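Sharing a structure, written as structure tokens. Questions coming.
In this document, chain identifiers A, B, C, D, E and F correspond to the written order of the chains, with residue numbering beginning at 1 in each.
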Amino acid sequence: MKKTVCFGEVMLRLQPPSYQRFMQATSFDAVYGGGEANVAVSLAQFGLDSVYVTRLPNNPLGITCRNEIRKWGVDTSKITFGGDRLGIYFCEKGASQRPSNVVYDRAGSSISTATDNDFNWSEIFDGADWFHFTGITPALGGKLTAICEKACIEAKKRNITVSCDLNYRKKLWSREKAGEVMGALCKYVDVLIANEEDSADVFGIHSTKSDINSGVLSYDGYIDVAKQLTQRFGFKYVAITLRESISASVNNWSGMLYDGKEANFSTKYSINIIDRVGGGDSFGAGLIYSLVSGKAPSDAIEFAAAASCLKHTIEGDCNISTVSEVESLIKNGGSGRVQR
Amino acid sequence: MKKTVCFGEVMLRLQPPSYQRFMQATSFDAVYGGGEANVAVSLAQFGLDSVYVTRLPNNPLGITCRNEIRKWGVDTSKITFGGDRLGIYFCEKGASQRPSNVVYDRAGSSISTATDNDFNWSEIFDGADWFHFTGITPALGGKLTAICEKACIEAKKRNITVSCDLNYRKKLWSREKAGEVMGALCKYVDVLIANEEDSADVFGIHSTKSDINSGVLSYDGYIDVAKQLTQRFGFKYVAITLRESISASVNNWSGMLYDGKEANFSTKYSINIIDRVGGGDSFGAGLIYSLVSGKAPSDAIEFAAAASCLKHTIEGDCNISTVSEVESLIKNGGSGRVQR
Amino acid sequence: MKKTVCFGEVMLRLQPPSYQRFMQATSFDAVYGGGEANVAVSLAQFGLDSVYVTRLPNNPLGITCRNEIRKWGVDTSKITFGGDRLGIYFCEKGASQRPSNVVYDRAGSSISTATDNDFNWSEIFDGADWFHFTGITPALGGKLTAICEKACIEAKKRNITVSCDLNYRKKLWSREKAGEVMGALCKYVDVLIANEEDSADVFGIHSTKSDINSGVLSYDGYIDVAKQLTQRFGFKYVAITLRESISASVNNWSGMLYDGKEANFSTKYSINIIDRVGGGDSFGAGLIYSLVSGKAPSDAIEFAAAASCLKHTIEGDCNISTVSEVESLIKNGGSGRVQR
Amino acid sequence: MKKTVCFGEVMLRLQPPSYQRFMQATSFDAVYGGGEANVAVSLAQFGLDSVYVTRLPNNPLGITCRNEIRKWGVDTSKITFGGDRLGIYFCEKGASQRPSNVVYDRAGSSISTATDNDFNWSEIFDGADWFHFTGITPALGGKLTAICEKACIEAKKRNITVSCDLNYRKKLWSREKAGEVMGALCKYVDVLIANEEDSADVFGIHSTKSDINSGVLSYDGYIDVAKQLTQRFGFKYVAITLRESISASVNNWSGMLYDGKEANFSTKYSINIIDRVGGGDSFGAGLIYSLVSGKAPSDAIEFAAAASCLKHTIEGDCNISTVSEVESLIKNGGSGRVQR
Amino acid sequence: MKKTVCFGEVMLRLQPPSYQRFMQATSFDAVYGGGEANVAVSLAQFGLDSVYVTRLPNNPLGITCRNEIRKWGVDTSKITFGGDRLGIYFCEKGASQRPSNVVYDRAGSSISTATDNDFNWSEIFDGADWFHFTGITPALGGKLTAICEKACIEAKKRNITVSCDLNYRKKLWSREKAGEVMGALCKYVDVLIANEEDSADVFGIHSTKSDINSGVLSYDGYIDVAKQLTQRFGFKYVAITLRESISASVNNWSGMLYDGKEANFSTKYSINIIDRVGGGDSFGAGLIYSLVSGKAPSDAIEFAAAASCLKHTIEGDCNISTVSEVESLIKNGGSGRVQR
Amino acid sequence: MKKTVCFGEVMLRLQPPSYQRFMQATSFDAVYGGGEANVAVSLAQFGLDSVYVTRLPNNPLGITCRNEIRKWGVDTSKITFGGDRLGIYFCEKGASQRPSNVVYDRAGSSISTATDNDFNWSEIFDGADWFHFTGITPALGGKLTAICEKACIEAKKRNITVSCDLNYRKKLWSREKAGEVMGALCKYVDVLIANEEDSADVFGIHSTKSDINSGVLSYDGYIDVAKQLTQRFGFKYVAITLRESISASVNNWSGMLYDGKEANFSTKYSINIIDRVGGGDSFGAGLIYSLVSGKAPSDAIEFAAAASCLKHTIEGDCNISTVSEVESLIKNGGSGRVQR
């Protein structure tokens, strides 16, 4: 069984029930999630030996967060406890023309004050095949860039494949800072994952014709972006998620995988959204599962797109779909007939 | 007032709230339903004298099940109490490309261990005009095929119209066994109800061109199926529901009624689904109401289709629409303006 | 800061959770709302000095109703307490082809038994710029027509702009009575707001070609209606909401503003409805805000339409959107991308 | 099987969830209940042929109310539909030193505008053994006193036992009016049921020493009250409920039955209250069941007290306990060991 | 109408529903509260002109917090918006032998980074009669001690009565630091409020015999504490809350008011606790209301104790009881009879 | 770290929310639990290396059950998947004089059809220190008695301590059968755990004076029972839970541990019950933790009693208290002061 390691921040998501706005809420639904934790959970559902590494506060919230991830079969034994608090984000779910709204309250979280001593990468990577992190982690500041680099170096030393989801967050750092830091880290990265905007935000590499808000995609433009990224950093694979936002309720969704030679586009799904948080992460997990399992690029991108399509129909951050559910969507399409 | 009798299993449906998956649920919404009970409840809402016959365990769950059906005005005085347990099914509601998922836990239910002595058909049918059962009942095994046949014989003796919804369930019996048993019972049946797949599954009678998953219907094919069924069994009417599954969230829905001479197709409704469980049953109830009330075939199929369209917008197994609500949909269309 | 005054009835809305029907409900969600209160709340969110005037029973329900409106920053100090009861309406939310259903229980409410002494208009209007009421208020009977007229006279004396939303309710009064009373009150009105049907119901002024249920709009017809209304009553502005009901789940929505010379039509929004109650009121509030803030007609109608589009995506009667949210929809469109 | 008839008003009870106060509630739990309906439901659970008679509005709330009562096996076929509205009461549940708070909104209810033609007493009483009403019904005004008298006369003509629960409500009528009307009706009454205060409020007959708020009961005082009542009206039985309110959370509860010769006091229960609404009604039902079944007075009062003790542990207005549950409490005491 | 000003931190309280533990929760109930905000809300319910001053983040959570306080009729126009975040505390409700558990997450809140310019005390105190703060505010650090002192100086200049609730929080500062800072601030304080432990924790003044955990109180000891406090700081009044914790479910509760000459003890209430958070604050509010209204000490302490008794039966931080409800408890005792 | 192994059935518990009765429920709260699983979860919270062994159906319910146990840090890797269904029990929570009511629906569960091949005891017991099972497991029939015996033999071979909770269930088997089977298995048992009734039910060994329902305990009687058990089976320890049921809401709770020489009685706790299911199991876990950790008998019984006291205040089957929480109760008593 292939072993994967994911590293990053996991937060408490607090969300008004149903479609309530923040100002109407008298309670919040609570789930735990974060870019890399979401990938780790999905990989465990796909049957891999999935390890998740982070730092959590040693209080009931930190312990609960660990338990919730452990529930899904992720190995949480490498999580370190310390620091002051669990990062929180408040999320108001959008509908139709009203966008979802996120209020972050993550400053001072336990992971952001982690130090080199918190993680024994040699021990963590023992027997591992894949290492995944995202651009959010170095963006959290503190010593996280150095920690990420140390992890990458250790991974490369062991011939572990490294994947990174750019995941640019403008509230965390500037484009300039992101470009500098991620540019340095990308030299260790084999598989780059990004959404339509990330490469422009972080590296100034623009898709030539696509207008994000219009929802009109330029396929050629994305191939061009992937080529530029590959030329600059020498990635083995560049994967890009393609979201066309019709409204907060309906999105078109597909993905592209460029293997240095040619670009494979997946089926495009028109999705009635239940919860789009973690959509990109589930794509990353689908891709990692596919590549670590030896799928061909065209199959890999189909699997990643179908997996993340299913995530959009599931509440919470994590894609708790199985391989057989993803394959059933690929094979039978999304007609949604009851499975009796 | 016309009197109808429905006979079959009623179960406890346990469903995670909203769109939660089984693995996320910390509670289950509980409703009671079953193919024939759903028909009985709908007929009572339409104003008929509706009798429902089954066997329930003499414990709080069996009693609650009886009470819930009685609430809707169904005559439950012919229900027998005995046996060990109430059948249960767990249902996870699908969304968009994620299909609904059903886990049955019905083995050993009180109805499946019923005996001849549990039902006094002569008394039950006193004054009745119509008898309805489905293919699920004999599929439950035990003595239920013999009990169904006895009921049919008693019904025919009294000139009571007999309807049957084929409702093939592959988890309950094989196609071969179903074909054999249902073939024998169909000789008592006047009105056959089926979905697009049932006649092929049970009797090997195929619609020539339709592909269930593609959602493309062949109208001529269904007429052909109805003709073949009529030729083989001599039914007065064959009604077929026509579902085009666009996704788990959106379905097209219509119906066909063949009267031995010509086929009447209903309006086709494009439905944003609230709960599709019991959709076929509500069609059956709409059809029975129409025919027992003397509606013409073209009106009957319009009523049945409109009734079951409304069911898809109602939570739970049962169509709790009234005749005037169904007629309003037929007359005014489904624009959904507020009824102030 | 501009000061607005709204006057009318506010009720307790009781609604089965989710899409439950009345007969399934074991609880009711409770919100407070009413045509003019909804306008007042929205105006307060837009940053105006918004006063709401009504009469409430001096019991926990009346006090709670006052508190809930006060929460949104509306000045409730002019509300009078007295009378017997708070009006109630029960509302069952429709879905797809099943329409929403409203049961009113508002007879004998405290506002309907108000007298001249309950409201000191001179004090209420001190410093005010705008007065808004709707056709529902005089329809409640008692002395409310006289009270409305007295308020209008006082408003005109102070050069306060007067707006009125026709809001015809057939369960409250006949077309004849409505035409007579509203005709008399309209001579004080500067800005008339109506939906597609109101002018025909109240004044017998018909849009030439539009069929409400078909959802096909005649733009020219509405211009013609606005012209006729302007000619008869001398309004400065006539605003009409244009709803195309595709189903209870999806509506197209736009608006028209006629300024005596030309008609301005807004963008048309295709809305996945969360809650359409109060949609027209939010349009009125958007219009009042725009006009009292000095926007040009074409901008005013865009703002009103976008504001009310957002309301359809928000639970409850009131549009709790801000000016910046409305402007963001106008500027960026309704693609619903997450606001991180 | 003995047949009982209960007549009176049934209302929608709206209650904030858990221990919320009115001003905190964003939803209301909904149950249906009323003094006589509660008795009817309890009698049906005890296995009697229980008929409930009232007048309900012909709208979804009236129909739902009928359905909810029907669910419990009560014969609702004699309910008349008409009039304008269902009476409502809002109930805030108390705790510890904070009392429960009730806001009535029952004016103009369908039963209060009933006429003589609404009830065919001859048909209703066919085969009946017992008739029960309460002092609330004539207190509702309109023609209800006359209707009650007509029912009593018809009952006496048929040798049907008549019971009445005084149930004085000071918000409905004055002590003087109550005394006059109830005095006239009591001449038809065989079994009088009252709480500690009713006889003083309605007939000016005082228990000599008890102080309601102190929770100290005078047993001799209650015997004296019963004697006086018997002397004045010639009742066969006088039953009095004895509530000692320690707090809103804990009450002591017992009952007395005077048969014209001697007084029988029940066991006293110290109850941790779940819902005390309907406690007196469940006592009445326990008494009626006991007497119509031929129990001795000492057994009857034990059954009535135990039945109503259980009601205090059940949410909603109605005692849905069975005879065997009541007998188990009498026999085994209230140690509450799990029934596995 | 008397005008009061309260100043301090208000936080978002997140609490698992019912008696769930943190590790079981999938949602959190959300209320807003804080020592001084709770006092302000209670004073508004008592009919005073209550002003609340704080600093909140300019995001949806800060705005919602302001709205929720405004709902209760508190003047929130002096609240300043700025800073980074709203303080949060997570609270797990105890039961029986399991104590409630609080996890604070308040570091870096907007109030803790307030500066002198945020509050114009001259304007805030215009027309005010009373100023209230607690020991939590200076404990938050930053410039809050200086801000508190500045407010006190301005208050004394205007002859405004100053009250302070010691409210020692060991997680915020040491006993030494608290003693030093509060000692300095107490010279401006007229009315000191404390619980059984505060004076020992902050000033090293011990009640001679009471053992907090044993629940055995020494009345003489508390008088002695009050005398020592008065001698050291010259308070006009010292009020002490006396809690005997029988368990997390049952507490005895009373209070003492020392006026420099004699000590008045209130009635002692045995309370079945619904929510004890804010119990001390409601005592403070009851006391302030009583003293600002001119009640005698013995009446003041009865009112304060009864008010705070009621708070323990109410969910959330705030006592939303009215003067008449408090007086009813004092007059009628806590027997909890239904208020029909 | 000590390693423990627990083996037995785990079921889905379905419970109406709050205090609803079965017949009122429209949803069920869902938790997973079973005698031995509850012990395993508690031991994991105490920090032991806890392994749980069972057989679950390979469907979403079985997988969810595994996940829920895994969440708590229990090693679930030895669970076998197969068979037809997960056992279910429905539980209605009692209150005051109304007892809790349990409806079992466990026939045919996956564990009851387990075979010898499902469990590799040699592998399971590798490194283990303790093995725990209960009398429920052999009572389930099939091959479970043989499997239990095989496990015991393997355990004894490895010098693993064996504990057994008698846990007699009269619905599963007769007293005679239980006595015979448990008598045979007890020869492998070192530590016997029982409630007040078990030894009489299973072995006919009676406590001389205690009356279970009266709630009066005979301490000497229990010592006598323990002595007899020890004499007959040679146990190292006999532990008995002592429950005095005051009502379904309040129980007294303590325990006794007999070490072959003397009996140690714990503190007696008077508990306001939140959820008593699993109370005995949490006692067993507290005892096992204490003994495997080398506590003295008097300390062990205090720990076991305090641990299980806390369980009664926690919803669900499992005691999710930590060692420090249990020790805090022992040290500080159950005054329930807030842990800020």
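Details
Rule of thumb we're sticking to: a contact is a pair of C-beta atoms (placed from the backbone, for glycine too) under 8 Å apart; a residue touches a chain by one contact, two chains touch by 3 or more.
None of the values given here were measured: they were computed from a predicted structure.
In terms of the distance between Cα centroids, chain E is separated most widely from B. Across the two interfaces under comparison, B-D and B-F, the one joined by more C-beta contacts turns out to be B-F. Matching residue numbers shows that A-E is the pair in E-F, C-E or A-E whose interface repeats C-D, with more than half of the contact pairs in common. Centre-to-centre separation between chain B and chain C, using Cα means, comes to 44 Å. Note: centroid distance chain C to chain F, computed from Cα atoms, is 62 Å. Multi-chain contact residues of chain D (touching two or more other chains): 18, 21, 23, 26, 67, 101. Across the complex, chain D meets chain F through its residues 18, 269, 271-274, 309-310, 312-316, 320-321, 325, 329, 332-340.
Interface of chain D with chain B (complex): residues 67-68, 70-73.
Every residue of chain B that touches chain A in the complex is listed here, in rising order: 18-21, 23-24, 94-102, 104, 169-171, 212-215, 245-250, 276-277.
Within the complex formed with chain E, the residues of chain A that make contact are 14, 17, 21-23, 25-31, 59-61, 63-64, 67, 84-85, 88, 90, 92, 101, 103, 105, 107-108.
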